[in-house]
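The structure follows.
Chains here go by letter, A, B and C, matching the order in which they are written, and residues are numbered from 1 within each.
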């Protein structure tokens, strides 16, 4: 049977009252759950998994997948409105999105994010539809050496995420140091745990992100009275203008493609995707100086990338049974619980379910666009609530969300500690995104270097012998050499 | 060393047999039972989607389908190598509304961290599901049998690579057992998760990978992997596996079973523990559970209230010995 | 003010020392691959070098950063907010998390931010009810409940 016939069958499963209803319910739940700090799509899916037990497996999986990508749309809300990324993939959105919100352009940022996510999401589902086997083979050619170079690229690139490279790199190093805490991932030897069993598993991303971004931000705003004014939002600034679309469409396209390729790799994820898309976009942007200060194309690229990455993660899951992200891992568990065995045979053995799922992603993304476009100004209007009332609510929700993520009060304490650190970083003008991104990239950086050398029995040639790795190595060397070359040229021009 | 392991397995097997016989004599099962009141939380130390999570969610679903009236909720208290989960339950002395899922990290984390044993403190209720491992190799690779695999490792120590999950996890320990039994040196490459290791294996980067039988079957059926040996006492009977020899048949005397069970908090009323053991036994006799076991190619040897404690202690000793041999144990 | 501006660099040097010394007992190289101490050593070195560069730049008068500290009242508000968060963490195991949220918001609005009593209390109760509905009732998250039964 041809792919289009199979897809047609899939649509026949979705375009029924039950199919449409549960897909809509799924994306709506995802939208809400994604907007809660701490509870991301993966946790939301796990919590709501038991509710799907009575359903037909195909319908249940469609609904759960809806929560997964709906969560990406919902996560944008907290990143933009209150600068609390609920997940690692929202960090880059928060950087510029919240600046835009401060300028009163929250509605624009949210609408462009929704449009970008929609286009990139649909693009990724088209890729899932037609080239899943090819892409999954490609994904397998990425392994430890490639991941190491990718992570290295990400870590060195954090230098450019601030006004001063030295300060940005210092924040990055701080993030890498925080990631050292806990059992060494390779040998299990405890590092910097100071005899505390609680530190053995290391420091989780969620309390760090909530603390550094959300709590730090609120503390800094609370300290003076003039920051207490509500953020002004005029209605005509709430909807995106034609010029906004023209300015961001290329960013959406590039972000979507980067996101898809990073998303299909089982070892990377939506956070790496959005970082790389953001950095690429700054290279292409006509106004790179706006990045970090409220660049709409930065938000568009990051959002397009994280949504297409979250769809791309479906490819290794469907083709190989390997989850590309925490959310797809829950989706796999749901399949098992519904009596379906995942693995390389899934697409042949369960073609109705798989094609129903793929068709449902077209429909679900459309629902999300329809939900988000008219509601963006409404969500943005939340900022009209006086900040004094908003601030304690954000703090309380952040702490409850941190608790809900692990069900451990220790996480709440961690959140407060990192809140203080975040506040101090604002006060001392140290940029915060490099810290959080380095924390996400650190395990990938360290683990994959050591795995590479285990694979090659200690020979560094593994980095040049593998074709993809060799290409990445050249990219890394260029990205390191260019700023140095530029600085040399500038200093020579001066003398 | 390996003989001790095999004996432990054999002992477990006989225990299970004697338990089954005991259960058929009603007079012996006369422990007083009392149902707990209110909703029940089953604490799981893995994230949603991990094996212990899937097992407990399936169990909870079966139990709430008419066996147990108390609503059962599975809560994932992740982090700390299951220590967030077991510390929570250890803090709930005598609480009748919480149960702990027993999986290998509940045993290994205290040994690796040098903290007091968990199984010595909680109230063991039942062990009810086990899973065998299969050693896979690349379909176009040079090995066709475990003997060839072992011979290659003998010839070039450390040159045969195995991709596995976290350091100290089940596949790491299984690798250590194979190394000891065959007197070879392998290179074990740990990964952040089992599926990351599987990606490394499928990418053709290593020679070997341990998978559960269910994971292994679809890889074998789709031609992405070739089975070398099953680490169990005897061959499986399913069509996909009946031609796969055990490691023992190929001269490597290793039996390794992953297992999962359930325990109550310290000081749980014996009557409530007996009630739960009875419910878990009834649940594992349902058709729904048997179907799950068959689908996932697992084993469902049941260790009830009377043997669960001794069974878990034996497993703990095995873990301690293996972790010591790979240099991870602290106590 | 110079000394204050140098604090991040000094903090980084201290942290680098801590990381370096804290991983002293671990192996730098482990067979064919870097050992557990490899990354810490390089990170500590990188941290220290960056901090020294920053100090030198600051000594020459560049890169002091955009230091922005609040007045006394502002500091007091930040301190009180932190104390309120710590308080919320402390009372949560005793009164339960949902009441702790209500207490926290009530305290913040009335005493720290000096808002009118009635709207403050309404907000406090409203947010707590919202948390109960979304987290406990809908998502089934078991937030800490009140410790003493009635």
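One rule holds for everything that comes next: a contact is a pair of C-beta atoms (placed from the backbone, for glycine too) under 8 Å apart; a residue touches a chain by one contact, two chains touch by 3 or more.
No experiment lies behind these values; they were computed from the predicted model shown.
K.L.:
More contacting C-beta pairs: A-C or B-C?
P.N.:
Of the two interfaces, B-C and A-C, more C-beta pairs touch across A-C.
K.L.:
Just grab the chain with the largest centre-to-centre distance to subunit B, centres being mean Cα coordinates.
P.N.:
Centroid comparison gives C as the farthest chain from subunit B.
K.L.:
Please report how many Å separate the Cα centroid of subunit A from that of subunit B, as a whole number.
P.N.:
One centre to the other, that is 33 Å.
K.L.:
Go ahead and note the Å separation of the Cα centroids belonging to subunit B and subunit C.
P.N.:
Comparing mean C-alpha positions, subunit C is 39 Å from subunit B.
K.L.:
How many angstrom lie between the centres of subunit A and subunit C, each centre taken as the mean Cα position?
P.N.:
The mean C-alpha positions of subunit A and subunit C differ by 22 Å.
K.L.:
Give the residues of subunit B touching no fewer than two other chains, as numbers and ranges.
P.N.:
73, 75
K.L.:
For subunit C, what residues touch not just one other chain but two or more?
P.N.:
Within subunit C, the residues that touch at least two other chains are 140, 142.
K.L.:
Where does subunit A touch two or more other chains at once, residue-wise?
P.N.:
Residues 184, 186-187, 407, 451, 454, 457 of subunit A each touch two or more of the other chains.
K.L.:
In the complex, go through subunit A and note every residue touching subunit C.
P.N.:
32-33, 36, 39, 44, 47-48, 164, 166-167, 169-170, 173-174, 176-177, 180, 184, 186-187, 189, 191-192, 194, 215, 218-219, 222-224, 388-389, 391-393, 395-397, 399-400, 403-404, 407, 409, 412-413, 416, 419-420, 423, 426-430, 445-446, 449-451, 453-454, 456-458
K.L.:
So in the complex, the part of subunit B that touches subunit C is made up of which residues?
P.N.:
Touching subunit C from subunit B are residues 41, 73, 75.
K.L.:
Taking the complex as given, what residues does subunit C use to touch subunit A?
P.N.:
My answer: residues 5, 7-9, 12, 15, 18-19, 22-23, 26, 30-36, 39-40, 43, 46-47, 50-51, 53-54, 57, 63, 65-71, 74-75, 77-78, 81-82, 85-86, 88-89, 92-93, 97, 101, 104-105, 108-109, 113, 115, 119, 123, 127, 131, 134-135, 139-144.
K.L.:
Can you list the subunit A residues touching subunit B in their complex?
P.N.:
Residues in contact with subunit B: 42-43, 45-46, 49-50, 53, 139-144, 183-188, 190, 197-198, 200-201, 204, 266-267, 316, 320-323, 326, 329-333, 336-337, 339, 341-346, 406-408, 443, 447, 451, 454-455, 457.
K.L.:
Using the touch definition from the top, list the residues of subunit B that touch subunit A in their complex.
P.N.:
47-50, 53-54, 57-58, 60-61, 73-81, 83-84, 88, 109, 112-113, 115, 158-159, 161, 166-168, 187, 189-192, 195-196, 198-200, 202-206, 214-215, 217-219, 221-222, 224, 291-292, 295-296, 328
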